[in-house]
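Below, chain A partners chain B and then partners chain C, in two separate complexes.
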Partner chain A sequence: MDRLRERQGQVITAAVITLLVLVLLATGEKESLVIGVITGSAYGFLALGLVLIYKSSGVFNFAQGEFGTVAVYTLYLLHFDVPYGFALLGALGVAVLMGVVVERLVVRPLFDAPRVTLLVATAGVALLSIAVQIWFGEATARPVGRALPTLDRFTVLGVQISDQRLLLLGALAILAGLLAWFFNKTNLGLAILGSSQEPTATELMGISVKRLSTIVWALAALLGGLAGVLAVPETGGFAPGVLTVAFLIPAFTAAVLGGMTSLPGAFLGGVIVGVVEAVATSAPIFEDIPGSPGTLLVFVVLLIVLVARPQGLLGKAG
Partner chain B sequence: MSQRARVAILLLVVALVGAACGQKTGVAGTGGEVVAGGGGGGGGGTASGQHEPDDNDTSGVSDSEIVIGVHAPVTGASPLPQRTFDIGKDIYWQLLAANEPDALGGRRVRVVFRDDEFNPNRAVEVCREMVESEGAFILVGGGGADQITACAEYAAENGVPYFSAGVNEAGLEEASTYFALSLTYAQQAPLIAQRIKDEGFEKVGVAVADTPSFQDGHDAFVDAAEEAGLDIVADDTINKTASEAEALAEVQKLKDADAEVVFILTSPLVYLGIAGGARNQNYDPVFIGPGITSGLNQVLTFGCPGVAKGRFFSPFPELDVIDELDPDYVAAYEQFGQGEPADDIGLALWGLNKTIRLMFEATGDELGRAALMNTIEGGEVFDSGVFAPVEFSDGERFGGTAAHLLKADCDTKLYSTEEQFVQAEG
Partner chain C sequence: MAVETASRGPAAETGETVEGGEPSFRPSPIGWLARGIVWAAIAWLVLIFPLGREAFELQRYSEAVIFGIIGLSLNVLLGYVGQISLGHQAFVGIGAFTSAYIVTEQNLSFWVGVAAAVAVGGLQALVLGGVSLRITGLYFALVTLAYGLVAEKNIFQIQELTGGGLGQPAPKPKGFESDFRYYYLCLVFLAIVLWVDWRMMRTKSGRALLALRENPRVASTFGVNVRLLTLFAFVVSGAFAGLGGALLAHNDTRVSPETWSFNLALIFVIMTVVGGLRSRAGVVIGSAFFALIGYLLDKFTILQDGLNAIPGAPDLSPEIARLVIGPVLLLLTLTLTPGGIGQQIRPIVRWLTGHRFDLKDRGLKEVQISDVRA
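After this line comes the complex of A and B, so read on.
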């Protein structure tokens, strides 16, 4: 019985997913299922970084999208001069550097401040980043190419899936699994979790909390950067603040839906948000809803989940 | 709960709902304000369009200068390049000052530009700022139907003449100081339907952004398509700032419906999302629609090859024919363009400014807001040679008579002018 209670979240999640899939197949909305998975994976990637920061420091990081946008911008600039692979590595390097700089200049001085102060500070970082992008490059949309050009590797339920999408999905699934393993099984992962819950005790054990913070922010920035360079080329291009404007709110929703402390939950939440958006756009019963039925339905789903299970689908209570 | 508490809660709810309703129109807080110096007191004229000579407010006009306020989105969800706007906004006026210093009674034209951030509320703020702080005599909307509508309402309430290329009609037909200098979306609808039919397409999909500003354009196209005997196989509205999932779901619907041609009326970014998504799904329809911003070369720079089959009716022609229509344009850019090449955003502003110059000149030396609007509504035809001729009868707000048809070319990443001055019916 205790075991079942422990696994309540996973049971509910499995039931919700099964029900969702059955409903979509039965109502002829099977394409929305595929569209949701492939587009929601981008939200999931960004959500993964959000959960990482939250899990380790309790901060909602509003700058997470900008790690991705800066990476895409760098990819765009470097690709004029160097091959795509090197440009990609350079872009991820710049994202990690940005994460470290933000940690040293913004997060560390506010280490002991209330979490809400840090939340506002990260929002400030995002706004500053967007302003700098506009200042140097205007608010102009720019094209950015894919790492992998094949568009029709597979067709699943009538929807073509490109190699770039497969790369994104694969990277997301592997990283979510790896990070879950990292936090549960490695000393460094456990130290990071320990530092978020008992920073003084962690210091007394001889572990530098500040160094751990730098590692976490660098990792989160790497995840944000990966989200940018893998997801944005699939949409064709970018404008300043693209990940903050177009991806951050769905990513936050995905993170909360999956459970703010669960890395696999972030992946799952992203996919659910993508599926719900796609269904709301294509299903005839939502046609008469004015405005944005996708956004509306996503928040209805979020509300239902939080009422039934406040810690999110795969999160832990308390 | 006490009676007093219930009443207080009820009042709070009413206040919140009221505020929300005001917010939706995008002009909350503008009603009834009067600009210092005149023109207010119930707006800029009567519903029939007759503007009282006594209110011939000359704010923004001096013996040496005329001030024009221009707004457009250079940040936000559908940005246009700011530098291009900064350079292009007054090239025409600079050329006029250099070549014809005595024109407009010897006055120079100073153009003030503000970014409306693709946000109707912000558009009203910047329009008010340009009128009240910068002393703009007239206002010009550079793009974005919702922002143009919001700002035109503000302008009408304050008696300020407002000009833009044609967009929606709903919300603007009662704006007594508004003038559309090219065909509206609804006026272009029969041209588009006829073009689709002439090219032998039958199955038409419709994808229109979910904003009240596009409703009349949508309805007019559906009517025109049915009249032309076209088969509308899909008819959808899409979120104004659609996410990737929403764009891809829309593509799938159009593809499943087997639409050969898609009537598209959205922001350029949503168009790019749909066209790019279609290409990713090996679905290759022709996209056609009324276009101010979707017909800009910047869309091709960003969106090719997904937008390779795009065709848009536009107020202005493209650069391939401008030397034939107005040889001064490229020359003026070489002289005043700060080293930047002539482009189509500059051309749009050039056409607008050229038409406005004709209107100023027709008004004569007693240039004031009422005199200008009465002149425009006097039935005279203003033909810039770039935009199609415009003519406003008494009370008519939409003076366009024709449009240019632009065709995408992804080899050059430039639109070409497929047909010039395509006439509207009637």
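After this line comes the complex of A and C, so read on.
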């Protein structure tokens, strides 16, 4: 029965993707496909962090986007003075630090509190982070350094894309591979997976679940930071709380598409959400929707998944 | 501090009523006199103190009262049924625009506008809740958050409703043009909301609401229709929020789209939690405090000086102050005193309603936000 359910998920996933690609090709929205896959991968990485934390702490981390924004801010502040590579390392370091601090000061004291309390707390962390950014910086948008100063363009599938985007795609592909290796082959990765599935059994195996919790938050913050520094320069500028405003809901939708538990599902969900959003933004049939049609469509996707298939595309029922 | 206590009155008036306690205890005549004096002081602060203040200050006081209504609106959802809305700014904002639209574009009266805002608020909650309330807890929070974003990016972009970039004008109602009259009007509305809330929790449905928060499964075994009641609470919450929005619109006499951001939604949640879930007095005080933070910072420069002592920190403008101080208070409340302000002032409220003064009575069994269910 279980295997059948798993298959069902795969069939639905395949059908959704095929349908999406067919619609795209039929309407000539090839550019949306490429752009969608790229922004979607960034959503995917944010979603990976969300899923990791959900599996380990059982909470929706509303501060996940802020790990990215803080990284982007650090990158912005550093990239005037030091080479890009060091600025990038600094940015990711600050994001990881923030993850560890949040885990120590907020998550750990609320370890036994109900999950919604913790959710309110992470939302508070997000607001505090945004507030501090507005306080010390300005509320205006500003440009941020690109990884590549050049503006070379490449042609993929007949669509012109910038070198920055190509770099983003490459980095994301490598990262996805690394993560898959980390969770399947290394002891630490397996321990994290174990603690998220069976905390008690993991403790009995002599692994400290609390210590793992810190590592998970650090890892999630790293993923958030990466999503930030890779994707934000592409949008041209950033304002306080940029990732929370623009990335968090799509990332959550992606994670929900993956059933909040499946790592590959979350990444795949990110790509699907990215494509849907890109199509909504550029396709003429959505022109009449006031404001940004992408937001509305992502909301609709979220509702449909939650109501019709709450276990996500690849998730198991129950 | 006078201002903060000013808002304490209406809440305390309808605050905690007798529950258990010691029926044998009767205050002595001197005790009654002391209580009477405190009541009179509170009444003075709320009713007389604002008289003759400048328009700018009165608007802040009205805002504090309206925030009280919004806090109570979230309290119904978060405190009574344990569902969290992270998109409440959408309900309040749509209420504000509805009323402004009806008064300005349709030339109807303020009262029609307020009634429409209440109706639209309830209707929105009914539709959104009808679709999404089969999922509860964290997922419901997520849906409301996404809904708030949709309101911000789509609904508030409809030019006819919002009047474009300049916003929609929302004149004060006839007979209440002066700011202090409008302030009293807001107080009346707050009193009505408090009364409705109090009566609602005294009904069978109200008790069922509390039961289903404690344990939905047990409640449903006892014949409580969990989904219907949760939806009911959501609709009541939406209607209160719509009312708050309409009052807010006419207080500022103009509504603009960018007011209703994610940050505001979080401030709403924070002020309710810091105020103390299920404590009406606490919620109103907490909400009023958050409405007045900027004003208080201007009035009492000690706070400002303290913050300036942080090296390299720029001046904290009133608008940002609430965003910085709010989360800090929230995290302190969650980790140290889950009952919020309501828990702290409980002995005083109990004393004021004719009970013995008992400093240890923090109603711990009553106030635990920890029983918000996931």
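The rule is simple: the second predicted complex is superposed on the first by the 271 of 318 C-alpha atoms of A that agree within 3 Å, B and C clash if a C-alpha of one lies under 4 Å from a C-alpha of the other, contacts with A are read in each partner's own complex, and residues count from 1 in each chain.
The rule is simple: contacts are C-beta pairs under 8 Å (C-beta built on N, C-alpha and C of every residue); 3 or more make two chains touch, one makes a residue touch a chain.
This one's a predicted model, so the numbers in the text were calculated from it and none came from an experiment.
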Quiz item: Is the arrangement of chain B and chain C around the shared chain A a clash or a fit after superposition?
Solution: clash
Quiz item: Counting only touches as set out at the top, which of chain B and chain C does A:74 meet: first, second, both, neither?
Solution: neither
Quiz item: With the two structures laid over each other on chain A, which partner does A:311 touch: chain B (first), chain C (second), both, or neither?
Solution: neither
Practice problem: Look at A:56 in the shared chain and tell me whether it touches chain B only, chain C only, both, or neither; answer first, second, both or neither. | Solution: neither
Exercise. Based on the superposed arrangement, let me know which partner A:282 touches: chain B (first), chain C (second), both, or neither?
Key: first
Practice problem: Check the residue A:134 against both partner chains and state whether it touches chain B (first), chain C (second), both, or neither. | Solution: both
Quiz item: Touch check for A:245: first (chain B), second (chain C), both, or neither?
Solution: both
Practice problem: Once the structures are superposed on A, label A:290 by its partner contacts, choosing first (chain B), second (chain C), both or neither. | Solution: both
Quiz item: Taking 19-27, 307-315, 361-369 or 415-423 from chain B, which overlaps chain C after aligning chain A?
Solution: 19-27
Quiz prompt | Set of chain A residues, in rising order, touched by both chain B and chain C | solution = 134, 245, 290-293, 295
Quiz item: Which part of chain A faces chain C closely enough to touch in the complex?
Solution: 58-60, 62, 105-106, 109-110, 113-117, 119-121, 123-128, 130-132, 134-136, 241, 244-245, 248-249, 252-253, 256, 289-293, 295-296, 298-299, 302-303, 306-307, 310
Quiz item: How about chain C: which of its residues touch chain A in the complex?
Solution: 82, 84, 86, 131-132, 134-135, 137-139, 141-143, 145-147, 149-150, 153-159, 262-263, 266-267, 269-270, 273, 312-314, 316, 320, 323-324, 326-328, 330-331, 334-335, 338, 369-374
Practice problem: Would you tell me which residues of chain B are touching chain A in their complex? | Solution: 74-77, 79-83, 210, 236, 238-246, 248-250, 252-253, 256, 268-269, 272-273, 276, 279-282, 298, 301-303, 306
Exercise. State the interface residues of chain A toward chain B in the complex, per the touch definition above.
Key: 31-32, 35-36, 38-40, 42, 134, 138-143, 151-152, 158-160, 162, 234-237, 239-240, 245-246, 250, 274, 277-282, 287, 290-295
